[in-house]
Structures are given as structure tokens and as C-alpha cells.
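The letters A, B, C, D, E, F, G and H name the chains in turn, as written, and every chain counts its residues from 1.
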Amino acid sequence: MDRAKIKRELENLAAAGLPAEPVQEKAPVEVQAEGEAGGKEKAKKAEEAPRKNGLIETEYAKRGAHLDVQINPDQVVRAAEILDGEGMTLEMVTGVDWIKDGQLEVIYDYSHAGGQLFRVVVRARVDRNKPDIPTVCHIYGGANWHERETWEMLGINFAGHPQLEHFLLPEDADFYPLRKDFKP
Amino acid sequence: MLTLSTHLNTYLVIGAVLFGFGIFGLVRRPSLIGMLISVELVLSGASVNFMAFNHFLAPDPTVGQIITLFIMAIAAAEAAIALSIVLAVYRNYKSIETEDLVELKG
Amino acid sequence: MSGYFTDIITGLKSLAVGLQITNKEFLTKPITLQYPHEAVKMTPRYRGHIELIKDPETGMNKCISCGMCEKGCPSGCITVKSEKRPGVKGKVLTAYILNFTTCSLCGQCVENCKPGAIGFSNEYNLASTRREDYIFDLLRKLHPEGIPEPEVDPELLKKELEKQEAAKQAAAAKKEPAKKAPAAEGGELKAEEKS
Amino acid sequence: MSSLAQSHLRETFELNIGPQHPATHGVLRIKVVMDGEYIDRAEPILGYIHRMHEKMGENRTWNQFWPNMGRLDYLSAIAYNHCYAGLVERAMEIVVPERAEYIRVITAELNRIQSHLLGFGAYIMDLGGFTPLMYAMDEREQILDLLESVTGSRLTYCYFRFGGVYNDIDDDFITGTRAFIKRFRPQIPIYHKLVTGNVILMDRLIGVGPVSAEMCRKYGATGPVLRGSGVNYDIRRNEPYSVYPELDFDIPVYKECDSMARYMVRMDEMVQSCRIIEQALDKLPEGPVMAEKVPKALKPPKGDFHFAVEAARGTFSMRTVSDGTNTSYRMRLRSPTYSNVSLFEEASRGMLLSDALAFLGSLDPVIPEMDR
Amino acid sequence: MGTESIPTTVESVIPPALVQFHQLDKLRMLARANSLWPMTFGLACCAIEMLSSGCARFDLSRFGAEVFRPSPRQSDVMIVAGTINKKMMPAVKILYDQMPEPKWVIAMGNCAISGGPFVYPGQYNVVEGADTFLPVDVYIPGCPPRPEALIEGLLELEEKITGNRRWPRVKPETMVKG
Amino acid sequence: MEQQALLDLLYIAAFTLCGLAFGFGPLLIVYLFSPRGTRQLVNKTRIPIECGMLTIGPAWIRYGILYYLYALMFLAFDVDVLFLFPVAAAYNDFPGYRGFVEIVLFVAILSLAIVYAWNKGVFKWERKVYQQQ
Amino acid sequence: MNELIRLLSYMIGIAAFLGLNLAYLGWVERKGAGHFQRRTGPKEVGPYGLLQPLADGLKLMSKQLIIPANADKALYMCAPILIMVPAVLLFVAIPFGEHLVPREFNFGLIMMFAFASVGGLSILIGGWGSGNKYSLIAGARAVSQNVAYEIPMLLTAINIVMITGSMDLNEIIRQQGSYFWNWNIFRLDKSVLMPVSFLVFFICSLAETNRTPFDMGECEGELVAGYHTEYGGMGFGLFMMAEYANLVIGCSLTTILFLGGWQSPIGIWPGPHWFLLKMYFLVWCFVWIRWTYPRTTFWGLLNLSWKYLIPFSLVNLLLTALFIKVF
Amino acid sequence: MNPSLFSPEGLAGVIFLILICVTMIGAIIATCTTRLIRSVSGLAVCFVGVAGLYYFLNSPFVAMMELLIYVGAVCVTIAFAIMLAEPDEAKQARKITGLSGGLAAICGGFFAYALAYAAVNGKWMTPAVKRVNDGSLKEIGLSLLTRYSMVFELVSIVLLIAIVGALVLAQSGRDKA
């Protein structure tokens, strides 16, 4: 595993995924030590709006992860390939419903199951009305169940998943219980 | 009625009837295993006859018994082979019904 | 070929060892606890369903009906019913309903209770044929022979009455309705106090 | 020709194992397509004990979520308590007093022994031997007695609190624990003699259910499964939390990748846990067991937090998304068995049915934890 | 030996036999009460306590109830030990159906009684109590109940079957540390 | 028939009856004294047991070529026994080594079947390898 | 007429003996299990739990019998009865004492095997007739196992026949003489492998009675309750009873063939008590083994028979044949 | 000579009648049912009857062997084969038309009648010479070792070939699966 390489490649990936319109002059990728250092108000403001694509180096002791990168939904497979190439493990796939932003977020937690401690969080946001994201099942077999569960709980559609069937819920369930607007 | 067991004829008739049942089954059964079962009946009909003759007529009473034992051995061997053939047939044609197998030729 | 025989021998040996061990256990005394005939004593920390604690001094519960336990309970199994009684400081607990069937024995209620009015009981062998048996009124459980009335503090009562009076008067000053009832009530309470 | 037309190539049939089945440790259901005695495809079906833990995380306040932690993997509940405590402490930046941390480690390791004991017994019971279960349960009862005397419950502990533990341990507990370890140590060789060395058991376990390290990586398998595949990975070492860095213990690793290896990892971990407990008892400092100034109404700052611990069955980690209110915005529980069992489908292809069940047992699943 | 299906409203009365007279019934009930074979049916945490109670320390076998049968056809009492959720409920119903008469149901643990800690307004997956669809005979509260409570529950069931209790009742005592 | 054989027969018959009584008796009692109906929730009392699920597919399945192979070998050896029994019974009364040689030959020939099967891998229960689909 | 009275009294006697055994072997097993496992076992139902079997029996008899919908009814009902018949019938030939034997058959040994083999078929029928996959698979396994272990058993029996030249069970016992070194198990002059032979026979009788570690027929861990999954109440009870009856028969046979039956080991007081003592000792070993070992795998079990037991018994057979000629 | 019903001979006669019934019923079940597994059971029943007949013919050994081999081995093997090849008989039922049934009945009836007729009317000689031995097990063994020794060995070869052949046949498809 090569931390620097992972960081570099993910950075590039995130940069490539940035929307083309708001071209910022020199630093399309915001690499910043996260947290209070950046000035509280700014951080607050940034947190109000949905987060932009980019890579944040987080402090492990505070967040429990080393890298936190947000990319476009269509890039998750590439990210998985990069991390797989470095021998990382996909620990879990999660979804979060950001109902205010009208978005669903998919979070991939990678870790390194070997000597070194390195945790990478990859996130991607999809539109709540059209929650499609490619699957990484073919790279990580373990993603199968996690994605299936995320689909079931949040209704995120993993395109190319071999078996998007009901898993934890009864077969006839027609609701997504972890969505914030779920009412039984 | 109660002394039936001491008459040769009783056994011969039973043997004949078993044999008849065997033939009946052989014709009637549509499947190979069914036919095999019928063949076993035929064989046991024959064995009964042998035993009966042995008991009532033969000068050396071991002969019939040994022949019956041989019939058993042969029947067992036959069953083994026949069943394996049936299975092989089944494997290849997914059916053990004679009609289907006949159809195959045409 | 030698592997064939050593396999057999080691195999048989391992089997014999197993038999030996079970045999030894067979000859030792069983450790079973003969439950209905004998029973363990629970550790003081054992978490049975919660119960109100009797204050050894007053013989009453210490609950101040603040409702913190009710609010903190994750399963919402506590209902505290209380009312204001004249002459008694704070609210008086009239019923403390615990629906034990949804309790998870988490201890949040005990932790949240500032005066330490509730604790865990040691009831570990409940079983019944009726579900309703587990909706306890802890207050009634605490006082099986009847819930005693809280002591009335005469001074407080006086103060309260005065306050009431004052309020009444203030009210009377505003309108002028009848002013009979409170006096009657006060009389009653006083009578009780004497006896 | 009609009946020939519908011929199918393999002579398969479907078999349903579970949810009510003695071999599935509860209510796991496995839909098996069998090809004679061989498994063509074994698909685990979950959800028969899905209990909405993640949704409850969004509905209950941080404090109210405690009881859920005892009910995920009820066999190593303390580790789960530990993870949740660690998570929120990380978010709130609470510093836990050292004594509390030691107590946490002691109880967690006792809990781990207890869990492995049950796993050992239940596994042998799956394989048809009842007696080892009884012996294991006997030892386990002694641990439960100890834990009950501090936590008040036997199984679904709700003992940790943010910033410490619910109550302190006393001398009775310490002497009891020491006495237990002294009693327990010599038991393990007896188990090995009775069970591990048994030729029948070796026949059933050695070489059964091979899971390569690569497969573990792809499926995210952790815990004894991973360590049975030759990877030295243990959160207690690799991502140290609590006071584990100060304690000296080994991580048992076996390279055989089979069921026996996984079984042996568990057995050896019990010994190591004994070591940890003894050291922790020796080092146990005096002091408070609760951090001061932990607010009653917790409101962690906004953001994601992640915390991982080594539970008895592997890495348990939690990711929470906090929006700064008194409930979490999203609570994700990553349970080890979930990942471990997810490799069952691939690994069991072509196994014999009874091998597959021996293999499943060696993954030591706890179903409510998988279903969450 | 037929299985005339009776209406699906389930009473807690055992259907009568062909031949019956009082003394015999009493004897039968006594026999049944003393040989309650539970079904191996663990759902969640409570199942572990069920297992514990079968093991050395508590030993259900003293009451003849250790014969955990894996097949519903051979069991007399279904110990619902754990949470029933909506996906499991049909299976529980089928299993109950498949048990032959006379059969009993013990709801062990708060989950089986009422859904336990998992009920909250608006929950979507937990069945709030086994007795919403099963004729439960004995309730054992606790989360999980101690094994003693399960034994107590069995004794309670025996009492229900035979009408009298043969064993002493235990009053809980607390150890005084000194 | 001789008296001896006759009595043998009678004993066998009597004990067969006894066995039948042991079998039928309890079932009769069950018929008389068991409850006549089953309380049901979803009318599924009589469906086959499949861990609380409805059965998938037919119950009578094609199953177990390996059992069949073993049964075949059993058949051969059973017949072998059939001949060995009388030979063994007569063995003591038969002087000389001829009997021994014959038995050795007989057993050796039959053992070839085991050797063959062993070599053919009938006794091997290896994991099947499927190509990944 | 005398003969008839004798027959009837033996029938009643055997029925009583059998009934007691069937009931109390279960008790012994459960009690034994208890003590092997550090617990007490049945205790509360009657003194020492002695009424437990009665309660169980009565309960089973008042339990409803459900015939599954897609079972083959006739076969389903036949199987438990069929399995019971040989189990009871075989007691007719067991010599409990020199003169305490229902009937001395001069083909007694082979009769044991002949009728026992009927039992195997009834397991298959029961498993098949249930219309349940588990039952079917378990039935096939159980029968496969039965037949696999019948061969070494028969071969060992042939061995004995060769030594004694008789198939009369009582005669076999008589030939072993008193003092234990005369028992077949120690008759090294007949074949040096005799103790091994005994072991083979013992293992086979374990397997033939479907006991742990060979309980493929009801391997709980895999196939719910095995071939009697669909049998409830008394149907199941009959299977259990047959198992215990077979257990007694298997142990009796081992005792007769190898341990000198009613012969006394120390030369005095030969009689039924020795027989019962030896037999129950073996039964106890069965129980002991059951509560010690895990279950074998199915193929392990078949292979044990074909790879180890059968070759051993064949070699033993040849050795005996040789020894008889040489000595 | 008509023994009374309750003398041993009489009872034996009754048993004999029962055995005939058993044999016939077995044969009927074996040939007339639609389910193959029932046929096998019928076959087993029939063999039990036949074994009884052998017993009456004074050769208990052969009777026992009939049980051991036919009931215990052949029937089991056939049952296994059925399990492999034709477990569900649904298809079978439609195949049995009245015609084939009738034809079969005629065939079987004819053979049975012819044989029985021949048997009953045949003039069987009573044994002229005295029986040479008692036909016991030992005698069988002795003749196997002496007169029929060749056959004895040949049988083993036949069996070997049969088994090897059967294994080859049965295994032929095993690896393909």
C-alpha cells in the first residue's frame, strides 16, 4: 500500500469529477486540514451547502478516517479499482439521505487489512429522484450485500448489481425505511 | 387346506403365478426399472420351482438350494448391471420409459 | 502404507483420550443448581425490573415526580402520574406505571433520577400466564398494603393556604365568586392531621 | 420426444435450510441448490431477525441508543458498548479516565472469552458433540457471574457510558476474575484433548472451507476468519483504542485457511484474553470511572465519525453522521459477521452439504448482528 | 388421526380426543406436563439464555424438558425466545401449525411479549408481541430473562396444564456483600 | 416338516405377531386418545416441514449417485457372504488345504472390486470445482 | 401344550423385558448424558426421574399424529411398524442363559442379520414416504450406512462361524467355555486379529443402530431430524423404541459372539446375570461414546467401512482360515 | 390327514396360507401400483413371502438368504436407482393405458395358466433313490467346496465383473455433471 499514491490518484479523480462550469483559477481541489483551522464561519457556511467534490485529509483521531474524498457517482468504480489495486478492503457501503439537498449520499469505507492503519472514505452524491450509481460488486464481492442493503433501505439503485432483491425486509416491502420521509 | 404346504403342486402353482405376475408386469410396466422389478418376480418364480423340486423330488437336496443360491447371485449381478444401464440410459435420454426410448430411434 | 496404520493408531488413541475425559467428568459431582429447591442470591447490582426505593427514614418513596426517568427511557415504558396536594412539598406520586414488557433494563431511568428514587429490583424469576401482570404500578408494589398518604407539613400547608387565600382574594378582587370550597378542604385536611 | 425436450443438464434440487434449523445459529436461512450431496449454490437469506437498529439510531437520543448496543451481537456485547462509547467520545472529545478504560478492557476481554466459549461449544454441537458445549457453558456461567456482579446483566450488557462505565468494580470482582483465570487456564488443554485432537473432528475440520486471504480482503472478512487465513490483523493492534497499546498480547494467526484454523484462532484467543485480563488487573489504576462534565443532553458536532473495535467475531465499526442535534442523523453499524458470512456463497460452491455447514459454523455467525 | 382443520380463530383449548374420561385426562395431562419437549427455536438473545438453561448449571432436563426437538412435529412447546419480525412471522405461524396437538407456546423475553425494546412509534419491522397472532400460554418477562425465569415459566406451564404446582416458589433474595 | 423346524416357525410367527403388536398397539392408542384436530393459524399443518418455509420444488428428488455406487458394492459383497456362510460352516469338517485355497481365491477376486473402486475414486469425496459463472 | 405355555411365557417375558428396556434405556441415556455433562439429568419426575419414561411414553401416546399432505400415506404409516417388527422379532433367538432362551435356532446367527436387514429398508420407506426432502436424504444416508456396515459385520460373523462351525447362537456361547480367556475376543489361537475383529464388530453395531458418532439418520445439524422429521408423537416414538431395541440386540449379539454370552468370566455361576451384565456394559459404552464424540461426516463414515473395516475383516477371515488349518 | 387348527401342524398350515397371501399381495403391489417405490415395497413383501415358502421347503438357510439378499440388498439398490432415475411418478400414470394393461393381463394370465397347468398335470416322479444327505448348511458348504467349487469361484468372477461393469456404467456420467 502506498498512501501517497492513493492520495494522489484519488485527488486527481475528484478533480476530474468536478463540474466544469465554476472553474476556479488555480486550486480546483481543496486540500485542507479539516476543522477549526479553516475559520469557523467559513466552515459553517460550507457545511450548510452540500459538500463539493474534493479530497479532505481528515484527522484520524477526530474522525476515524485519514482521507475523505467526494467524487462523482460514475467515478466510484474507478476509485474502487484504485483502492483495490493498493490492497485495500471495502469495509462497508452506506447511504445517507440528505433530504434537504434532495440528494442521497453513498459512502464507501475502505480500510487496509494489513499492518498499516489507513482508512479512506469515498463518497458520492446522487440525485434523490434518480438515484443511480454503478455497482462495485465485480471488484469487491463483499459489496454485494452492502449495496443490496443500501438499495433496500434507501432506494439507491446500484446499476449492474446482480441481485437487487429484498434482503433484510420481507419480500413484499415497498418502502425505503431509512429515507427521512419514510412513514410506516 | 392346512396341509397345502406338503404338496408339490402348491409350490409349482405359486411359482407359476409369480412367473405370470412377472410377465404381466414386464408387459405392463412402462419404465425400465418397473420391468426390472418384474424380472425379479420371474426369477423368484423360477427359484420357487427349483426349491420345490429339490425338496420333493431331487435325490441330493443340496442341488436345488445351490442352484437357488446361484440364481440369487445372478439376480444380484443382473440387478446391478441392469440398474446401471438404466441409469446410463437415463443420463443420456433423461427418461427411463420404454416408449420414449423407442421414439428415439425414429 | 505405514501412514494407513499410524492413522488408525493415533485416531484410536485420540478417541480413547476423549473417553477418559468424559469418564472423569462422569465421576465428579454435577454442578447443577437445583433451582426451585435452592436458588442463588442475586448480586446487589442485578438488574431486575426497576422499583421505587423506600426511603428508610420516612418509609415513603423518594420520587419527586420530575419525569426525568420517563423522558430518558428509550422504550417509553414509564408513566409517572402525580398530582399536587395541598400541604405537601412538590408533587405527590399517585402512580408509577412501568410497562416491564418493553423495558430493556438499560438503566437510563435509574441514572436520570436525581434523588435516587428508583433502583433495580432483584426479581429474576417472573413468569405468568397473563401479559397484564407485567404492567406494574410500582407505587402499589412498594406499598402492597395500601399507599400511605404523604405527610403534610403544617407550615407549608398554612403558607399554601395563605397563598391560595391571597390568590383567591386577588381573584375575588377581580370578580367576586363564591369562596367556600377551599376552606372546607382545608378543614378536612386538618382533621386528618390530628388523627 | 416430449419428455426429452424438457431435459435439464444437472440433476439439481433446492433445499431450504433455516430459518428454524438447528445448524444455522438462529434464524439464518440458506437456500441451497444441491447437486446430489454437493452444493451447487448456497444463498444466505437474511432479515429474519432484522430489528431496525439503524433506524432506531435516528430516532433515539444518543443516550437512549445504549440498549441497542447490547443486542446486536449479544455474545460480545461489551465490545459493542465499547465501540459506541468510543465513537461518541471521539465525536465529543471526551477523555475517559484510565481506570474506566482498564475496566472496559477487562470486561471486554472476559466477554470475548465468554463468546468464544459459546462459539466453541455451539460449533461442536453443530458437529454433533453435545458434551463440550456443556463444559464450555459451565465455564461461561462463571464468567457471566462475574460480569453480572459488575454490570447487572448476563447477556445484553448496557454497562458503558459516555466517559466511563456505569459503576466501578470491586475487590470481589478482581479476586473472582483472578480465580477464574486460574481455574480456566488448565481447562483449555482439556478441551484440546477432548475435542481438537479427536480424529473425528480433525477429519471434519481440516481442509474444510478454505478461505484465502485474498477472498477475505474482497469480502471484508475480519476477525478469526481473517486471522485463520494467515493475515495478522486485529483492530486492537492495528488501530489501537482504549489501553490496548499498553498491554502485551499476541495475535494468534494460522495459515491453513480452513475451518480448523479459524477454530484454533478462537481457542488461542481465549488464552490471550486471559493474559490481557491479568495484565490489566495488575495495572488497574485507582481513580474515577466516569469522566467529569459529560453533558446529559449530548449534541456532538456536525460531521461523520467512525470508530472501530475488535469484537469477538471481527471488526465492528460504527459510522455516524451527526447533524448536531441530540439524535444522530444516520447511524451505520458495520457488523463483522455480515461480511464474514457474505463470502459463504462463493466459498461454499461445490462443497458437500455437511462440509458447508461445518464451514458456516466456523464463521461463527450471530444472526441478529448480521440483520441488525 | 385426521387433521380436520378448525377455524383459524385460535382458542387455547386443546381439541378433544375420541375417547376421553376424566381420570384418564388427568393422567394424560400429568404426563404431558412432565414431558414438555421444546422446539429448537431460537430467535435472538433470549435464545442464548434458553440454551443456558438447558446446560449444566440450570439443567432443564431435571423436569424432562431438555429434549429440544428440531422438528416441530415432535415438539410440544414452542418457546418463542426472541424478537419476531414481519419477515419471520409467517414462518412462526407455519411452525405453530405444524406442531401436533397438544401444543403450547411460551413467550420468552420482552420481545416475544410485546416487541420489547424495539417498539417505538412508527417502527416498521417488529411484531409487537407473539400473542398478537399466537395463543401464548406463558409469558416470561425480562431482557433476557434469567434461566431461572425460563424454568419458572415451564413450571408455570405445568401448573396451567395440571392445575397444581408441585414445586416451591422462590422468593428472590439479594446477596449482602460484607 | 420336522417338529423342530415347525416349532422354529411357530416361534418366529409368534414373535412377529408380538412385534406387530408393539407397532400397532401404540398407534391404536394414539388413534383413540389423541386430540382430533389441530389448532391452526394459516392452515399449513400438513405441509411438509422445511424449517418453517414453504417447500421449494417437489419432495421426491433425484438424489445421490454415490449412495447408489455404495449400494452396488454392497450388493456384491452381500452375495459374497451368501456363499461364504455355508463354506465357513463346512470349513472345519473339510480336511486339507483345498478349502483354504478356494476361500482365498474367492475373497481375493472379490477384493479386486474394492481395489478397483478405491482406484476409481468411489471413496473420494472431494470438493467439486465449478467454473465461475 | 407345554410348548405353547413356554412360548406364551417367553413372549410375555420378552415383551416385558423389552418394554422395560425401551423405557429405561432412554432414562439411562438421559441420566448418563447428564452426568457426563456435569449436570443431573432427569430428576424431578418421580424419584431420580424414574417416572420420566412413563411420562414421555404417555405423552407420546396422547399426541396427535399428523400425516403430511404429500406423504405417501401407506408407506408413511408402514415404516414405523415395519421397523418395530424385526427389532422385536430378533429377541426370539437371543440366549440369555444356557436354558433361558426363547428358541434355539440352528441358523440363529444368520437369522439375526436377515431380519435386521429388513429394518434398513423400512427406514428408506419411511424417509421416502414422508414426502420431505430432509427425510429422503437422511433415509438414503441411513440406509447407505446400514448396508455399508453390514458387510464387515457379516464377515466377522463368518469368522465366528468358521471357528465354531455352527450358527446356533447358544452353541457359539457354549463353545467359548467359561473363563474369559476362552472368549472369542481373546482366542488368539484362532486368529491374532480377534480383538481387532471385536472392535470392528463393535463399531459396526454402533453404526447399524444409527448411534452417534454415526447418527447419519438423524443428523440434527444438517437435516432437521433426519428420516423421522415428519413423524410426530408415536410415529417418532416407535422409531426411538426401535433404535433402543436394536441397541439391545446389537449389544447382545456382540456379547454372544465375542464375550462369551452367559459364560462366567471367572468360571463360577454362569447364567443370565453375566449375559445381562456384559450386555449392559456394552450399552453403557454406547451411551458413553455418544456423549463424547462429535458426529462423523457421511463420507468419513462410509469410507471408514470400506477402507478400514472391510479390509480388516477380510484379512481376519483369511487369517482365521489359515490358523484353523495350521493349528 | 387333516390336522386340527390348533395343533402345531395346523398353525403351520395357517401360516403357510398367510405366506401365500403375502406373496401374492406382494406380487400384486409390485406389478400394479403406479409408484415405483411402492412396487419395490411390494417386491420386498413378496420376497418375504417367498422366503417363508423356502422355509417350508426345509431350507431355512436359503430363506434367510432370500431376506438378506433380496430384501436387504436388491430392493435397497433398486430403491436407490429409483431415487436417481425416476423419483416422481407423475408421468407414469398416463402411460398405462387400458390396452397395455389388458394385453399384459392376457400375457401374464396365459403364462401363469400354462405353467400351472403343466405343473399340476405333470407326472413328477417321486425320488427313486434314497436322499443322499440332509441338505443342511454344512452339506451345502461341502458341496460348494467340492462338487461345485468351480462354480463357486466363477460366481465370484461374475460378481466382480458385474460390479466393475456397474461401477463403470454408473460412474460414466459422474464427472461430467
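What we mean here is this: a contact is a pair of C-beta atoms (placed from the backbone, for glycine too) under 8 Å apart; a residue touches a chain by one contact, two chains touch by 3 or more.
Every value quoted in this text rests on a predicted model; they were computed, and no experiment measured them.
Treat touching chains as neighbours: how many steps, at the fewest, connect subunit E to subunit F?
Between subunit E and subunit F, the shortest chain-hopping route counts 1.
If we define chain centres by averaging CA atoms, which chain lands farthest from subunit H? Would you check?
Relative to subunit H, the chain with the farthest C-alpha centre is C.
Between C-D and C-E, which chain pair is linked by the larger number of C-beta contacts?
Most C-beta pairs in contact, of the two: C-E.
Go ahead and note the Å separation of the Cα centroids belonging to subunit D and subunit G.
It comes to 43 Å between the two C-alpha centres.
CA centre of subunit B versus CA centre of subunit G: separation in Å?
Centre separation, subunit B to subunit G: 33 Å.
As a quick test, compute the distance in whole Å between the mean CA positions of subunit B and subunit D.
Subunit B and subunit D have C-alpha centres separated by 62 Å.
Touching two or more other chains, which residues of subunit B qualify?
Only 5, 69, 72-73, 76-77, 79-80, 83-84, 87, 97 qualify.
Which residues of subunit H are in contact with two or more other chains?
Residues 8-9, 12, 56, 58, 60-61, 65, 68-69, 72-74, 76-77, 80-81, 83-85, 91, 137-140, 144, 155, 159, 162-163, 166-167, 170, 173.
What are the residue numbers in subunit D that touch two or more other chains?
Those would be 3, 11, 13, 15, 19-22, 35-37, 47, 50, 52, 55, 60, 67, 71, 131, 134-135, 138, 156, 194-195, 198, 200, 352, 355.
Taking the touch rule as given, give the residues of subunit D at its contact with subunit F in the complex, in rising order.
So the residues of subunit D touching subunit F come out as 11, 13-21, 29, 31, 35-38, 40, 349-352, 355.
Could you list, by residue number, the parts of subunit H that touch subunit G in their complex?
8, 35, 37-38, 41, 44, 48, 51, 60-61, 64-65, 67-68, 71-73, 75-76, 79-80, 83, 137-138
Given the complex with subunit H, which residues does subunit F contribute to the contact?
Residues of subunit F touching subunit H: 1-3, 5-10, 13, 58, 60-65, 67-69, 71-76, 78-83, 85-91, 93-94, 98-99, 102, 105-106, 109-110, 112-113, 116-117, 120, 122.
Under the touch definition given earlier, write down the residues of subunit G that touch subunit E in their complex.
My answer: residues 30, 33-34, 37-45, 49, 51-52, 54-59, 62-67, 220, 224-225, 228-233, 236.
Along subunit F, where are the residues that touch subunit D in the complex?
50-53, 55-58, 61-66, 125, 127-130
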